[in-house]
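Across the two complexes that follow, chain A remains constant while its partner is chain B and subsequently chain C.
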Partner chain A sequence: MKESFARFRRKPAFTGCMLFLVVLILNIGIQGWSTCLSNGVSVGNILSFFQPSALKSIFMTNLPFILVTVGQALLLLVGQMDVSIGVQIALVNVICIMVPQEWGVPVWVGWIIAMLAAFGISALCGACCAVLRLPALLASYALTYLVNGINVLIMNVPQGSVPKAYWKPYQSTLFGLIGGKDAPQFLKFLDYIPVPALVLAAVLLIWYFISRRPFGKHIYAVGTSQRNAFAAGISPVKVQMKAFLIKGFFVGVAGICLTLMSASGNPLQCEEYGIKSLSAAIIGGMGWGGWGSISCGVFGGGFLVLIQNTVYYFFTLLSKIFVGFSVTSYWQNFVSDIIIFGGLLMTIVTAKEQRKTLQQGLKAQFRRGEKYAK
Partner chain B sequence: MLEMKGIDKRFGAVVALNKASLTVKEGEVMALAGSNGSGKSTMVKVLAGLVAPNAGEILIDGEKKIIHSGTDSTREGIATAFQDLSLIPTMSVKDNILLGCEIVTKSGMVDEKESRRLVQELLDRFHIDCDPDDYVQTLMPSTQSMLEVAKAVFRKPKILLLDEVTASLHYDEIATLFDIMRELKNEGVSMVYVTHRMNEIFEICDSITIMRSSETVTSGPVSDFTLDDIIFYMTGARPKHSEAKTAAAEDQDDREVVVEVKNISVYPKVKDISMKAYKGEIVGIGGLEGQGQPEVIRSILGAVRPQSGSICYMGKDVRFKDPAAGVKAGIGFISGDRSKEAVFDIRTITENIFAGNSAKESLFAYLSAKKVRKFSEDAVKKYNIKIGKLKDPASSLSGGNQQKLVVARWIAMNPNLLLLDDPTKGVDIHSRQEIHDILRECAANGMTVIIAASDTDELLNISDRVYVFYEGKVAAELSGEFKTSEHLVSAMMGVKEKVQEAE
Partner chain C sequence: MPSKNMTFEPNANKDFFSKLNLFVQTHTALMAVIIAAILYIITIIINPKGMNTVAIGNIILLTVILSIPAAGQTMVLISGGMDFSVGAIMSATAVLTTYTMKGENGHFLTVLIISLAIGAFVGFLNGVCCVKIGLPAMIVTMAISNIVTRMQYILTQGVLSGKASPLFSSTVKFKLFGVVPHIVVYALIIWPIVFYLLKRSRFGKQLYMVGNNANAARLNGVRVTKIQVLSYVFSGMLAAFAGMLGAAYMSTARCQIFDDYAYQSLIAVIIGGTTFAGGSGSYEGSIAGSLVMILLSNLLTTLNPTQPVRNVLNAAILILLLVLYNRGKAVRQ
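After this line comes the complex of A and B, so read on.
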């Protein structure tokens, strides 16, 4: 037990996981307190965070962002990044809406075309960064404008709709999806699981199987040292291109989730996800190239989401304790941004700490080695 | 088994290999020897697929093969343990060893259980004491070197290349390594063993190929060579044993000591170095590559912090916290690595010459363009730097002239102590001569110069006194009549100890 915790401490996802847990507990507490003040004290109100509707809405609105962060984390692992990832989901969203609307094809055909577009634009970004070796930050930043232009060409103003048959199951909990209203009492807890959470689980499961293949090892080798990976007979270009395509899959799923969540199209949304997903991945414990894991992306993304949620309930709580207290939502953003900035600083501190213990260990071993030699 | 013929490799104008060749028979350990920059490592890299030769052919079992990448090399049954390691520090020991040849189950997943078993077996065979799940970056350098070899052996190669793997190993680890090499030899594996340590050649190798300045000089069974022969082929000079001993002139005691280094150690290369430099003297630092010369020079400057020992500069104990503090105290530093540590490629020649001076003045001090230009014009004329226009970028100059530019920059500041780390690397013979002249003139004017050089002739030519580093310690201090090529070379090879025993 102690040993496995010590091993976990050395894992890159440790910081991200701890930050995530802290803010999760804070969120549960503040949200519960706030609900108790307005609706009276009861077990249900204290744990209001876990109410099916609340849980559902938090997963639903933030799933695209978390998926994008996971994709960004994968790119960071192979030593690349893509800040155009935000406008890419908007592209998927726009295609999902406009293809059925303009061409009269079934909705799912639109989805397939949108997925292909996500793969295509990721392949383009990958070709620029991995094959032509342009600096990833610059290439993907330029791509932001390109994709934005395409988005507006396809759809000039926010419009469109998705048939209810598609968004309804997505916006419900497990029983809403498979119909289990008559389930026995002891299975009722299953109804707390929102469908978006299932989508996340499915995507992570797919990633799990990919990561257990040799490719899952190669990404680390390529991210840390392309030369050494090449010497071991691995093609860095191929591995990076594969990573970009898998990221395309994440973006495609994220875009479809976004479409189902809003049930409409908007060509100019989510642009900030590009940079935000980067900072989320770094908070989660990713390094630039070869250090970290996909769980860093999940924890980092989750941290950012919960911080915003917590701050919202914190201000609601304040307005209930101090009657008449009210501030604009800018204040909420300001406070959550400060906390996020603090989180970024934290990662430096912990990284430094890790390096220090490492150096000490190294020195101790070295000295022992010297003695041994004599 | 393996034959390389007429291999040529050029990096720009620098010739790394010139019609180099080697032949290894089945089940044979071949030593590849040669002094610094003779092309041994390039030969290994050609076989490993990291360097594509300009000409020449590689024959394996009599068949012509083309090796363009690590994949090609692995396919031909070649595995390499690199001098600068090819391990991925952020990956676990297990993943590193299996990198590129993962054990997979039928469904294409990595078989973690089987991998762990195989890796543990390998670690036991090599007597490496670590967990398969440890990150490589947390292991000590000698363990990493052993892992590098283990990784290569795990690939079950027909031809194993070992490029100076023993440089950071402890002797018990070397013994283990040699045992394994003997086992592999019995299995019919051919090995190419690159080393600087002469005793290892006689202990483990069957045949030897010697390279000098990018060419293969000679080859044959080790039993046909004596130690003197090997050194002769490597350097072109025969070492004289009988007189080799440490000699320091005594009449120097009354001269002013500018800098004295006492027992410093810099992890991991420098173990225990003490040296002195007097006013107006040119002190040389010699030795094979990687014996700690750059670290010592940089710790005097303050760019590197030694773990222990002290540095006494101008009669005071100092420990500069960064190079800026060293420069302020009157130390100049010229690096051989021009692009990395000295020249601002895209800035003009004027700016490059003036860079050192501007660092000395206060940050917002006013600089007139005229003053800067005048300064540069003088420097260019004085040191005979061949330039187009003063406004041209520094990258427009040849390597030799770039180096003169850097020398000019520092000497114009008139430092008390000038440190040079291999300043004439890749510099043509004429410019080299001119730089030497400049240094001699400065020393005559009372400047103290400490110069590390990999070229033995240069070292003997320019310095009044030479410290020879070997394995992080001072192996010899040569001056006066002892400052000869023979003594220098034998001290560089660590032969000195043996000789002293004989005396």
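After this line comes the complex of A and C, so read on.
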């Protein structure tokens, strides 16, 4: 037990996981307290975070952001990044809505075209960053303009809708999916599993199988040193392009989830996701190239999501305790941004720990003495 | 003249493109001026009416405004960092200027002192977090600029408030002989200071040393962290002053009005020949790069496409410029 914890502490995801757990506990407490004050104290109110509807809505609205952060984490692993990732999911959203609406094809055809578009734009970004070797930050910033322009060319004003048969399953829990009230009551516990959580699990499972292949090792090799990877017979350009295409898959899924969540199209949404996902991935414990893992992205994204949730409930709580206390949403954003900055600073403390363990690991490699035998 | 990466290999079959490439790499500032001239000629060919005194005056004015945050960005890039909070600081001081002045004269000194203090403080925070604590510069400056942006909203509650004082506005906008805007006076104060700092002062020499090789600089007795933090502080102060000038130019300022200048100044500096790696670059290149950026947006305005087409064109030109200037080294050499 102690040993496995020590092993876990050496993992890159340790920082993000700890921060995530702290915020999770804070969120459960504050949300519960806030609900208690309005509805009276009972067990259900204290644990209001775990109510099926609350769980469902938090997963439903934030799944696109978490998926985007996972994609960003993958790019950081190979030493690249993509600031245009936010407008890219808006592009997927726009195509998902407009293709069925304009051409009269079934909705799923629109989805396939949207996925292809996500792959295409990711390949373009990969071509700029990996093949042409432009600085990833500036190239992807330029692409933000491009994708933004394309979005507005396809759809000039927010519009459109998705048939209910498509968004209803996404916006329900597993219990609702298998029949809701008609289903046998002993399956009631399935109400605690929202469908978006299953989507996240499926995507991560796909990533798990990809990472078992040699590609999973090549990512770390290329991220650490392109030159050394090249000398070892790995093509850095190919590996980076593959990473960009896999990111395209994440973006496609995120865009479709966004479409199902809002059930409409908006060409100018989510632009800030590009920068937010970068800082989320860093908070989760990613380094620049070759250090970190995909779970860092999941934890970092979850941290950011929960922080915003917590701050919202914190201010509702304050307004209930002190009657007449009210603040604008600007204050909420301000406080959550300061906490995010604090989270970034927190990574130093833990990253130092990681650096120490990394050095110890290196020493163990050199000396192989009994002191470092573990 | 930045003489980095000059390779004099005995290469017999040097074709036109490799010669051009070498020229671009060694004469970046001159090259930026040439690109600016080409852009301006294209603009005039498309729309001959574009060559009037008002348009030229505006080009000068905007170039001066952009060249001031670009100066700070140049210093930070030379020292090996990156400053994204430039745009947010500019917006913040612009909002503060209009909010404090409320269209009355006589508040200039107060605003100047408060703005410079804010700029210096944010720059100092950036510097400490990037250099002392060692977080990635891009992420930290973005996180800090987010906080600065939120403070603008808290101050103004998201509505337009106040106005720059008429006297201050006229010192920026009034045109001498109908062509040269008065902002040139500010430029004549700031540019020599920056040139002195970069080329003649001890700080400038140490800045280049730190950017080239921080370890070697430290072994030579340079206080590396101090120099790097100072570069961020200067960047913050210059951005703060540019924000005030911007407010005077626009008269009113909404929140996040100048946020775009973070990327604009970064790209201008890079077109001017300063590299991400640090240790090389010059301010005259950055001024030329600012001119290129302004003429580029001028050209796009002249073409007068719809906003989305304009965005697409902008992206295409930016990527073209990046391909010309800032390609990384190939792994296989």
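Here are a few things to note about the model shown:
In the analysis below, the second predicted complex is superposed on the first by the 345 of 374 C-alpha atoms of A that agree within 3 Å, B and C clash if a C-alpha of one lies under 4 Å from a C-alpha of the other, contacts with A are read in each partner's own complex, and residues count from 1 in each chain.
What we mean here is this: contacts are C-beta pairs under 8 Å (C-beta built on N, C-alpha and C of every residue); 3 or more make two chains touch, one makes a residue touch a chain.
Just so we're clear, the structure is a prediction, and the values are computed from it rather than from any experiment.
When both complexes are overlaid on chain A, the residue A:Val109 reaches neither chain B nor chain C. Of the two partner chains, chain C is the only one that A:Leu278 touches; chain B does not reach it. By the touch criterion stated above, A:Gly233 is placed in contact with chain B alone, chain C being left untouched.
By the document's definition of touching, of the two partners only chain C reaches A:Ile340; chain B does not. Touch criterion met: A:Leu134 reaches chain C, while chain B stays clear of it. After overlaying the two complexes on the shared chain, residue contacts for A:Leu146 are found with chain C alone; chain B is out of touch.
In the superposition on chain A, contact is made by A:Trp288 with chain C only, not with chain B. According to the touch criterion, the shared surface of chain A, contacted by chain B in one complex and chain C in the other, consists of residues 227, 230. Put simply, chain C touches chain A in their complex at residues 129, 133-136, 138-140, 142-144, 146-147, 150-151, 153-154, 157-158, 263, 266-267, 270, 276, 307-312, 314-316, 318-319, 322-323, 326-332. Of all the residues in chain B, the ones that touch chain A in their complex are 48-50, 69-71, 73-74, 80, 82, 85-91, 95, 98-102, 104, 108-110, 133, 135, 137-143, 170-172, 267-268. The touching residues of chain A, counted against chain C in their complex, run 128, 132-135, 137-139, 141-146, 148-153, 226-227, 230, 236, 275, 278-279, 282, 288, 328, 330-331, 333-334, 337-338, 340-341, 344-345, 347-348. Contact residues on chain A toward chain B in their complex (touch as defined above): 7, 10, 209, 212-214, 216-218, 220-221, 223-225, 227-235, 287, 290-291, 358, 361-363, 365-366, 369, 372-373.
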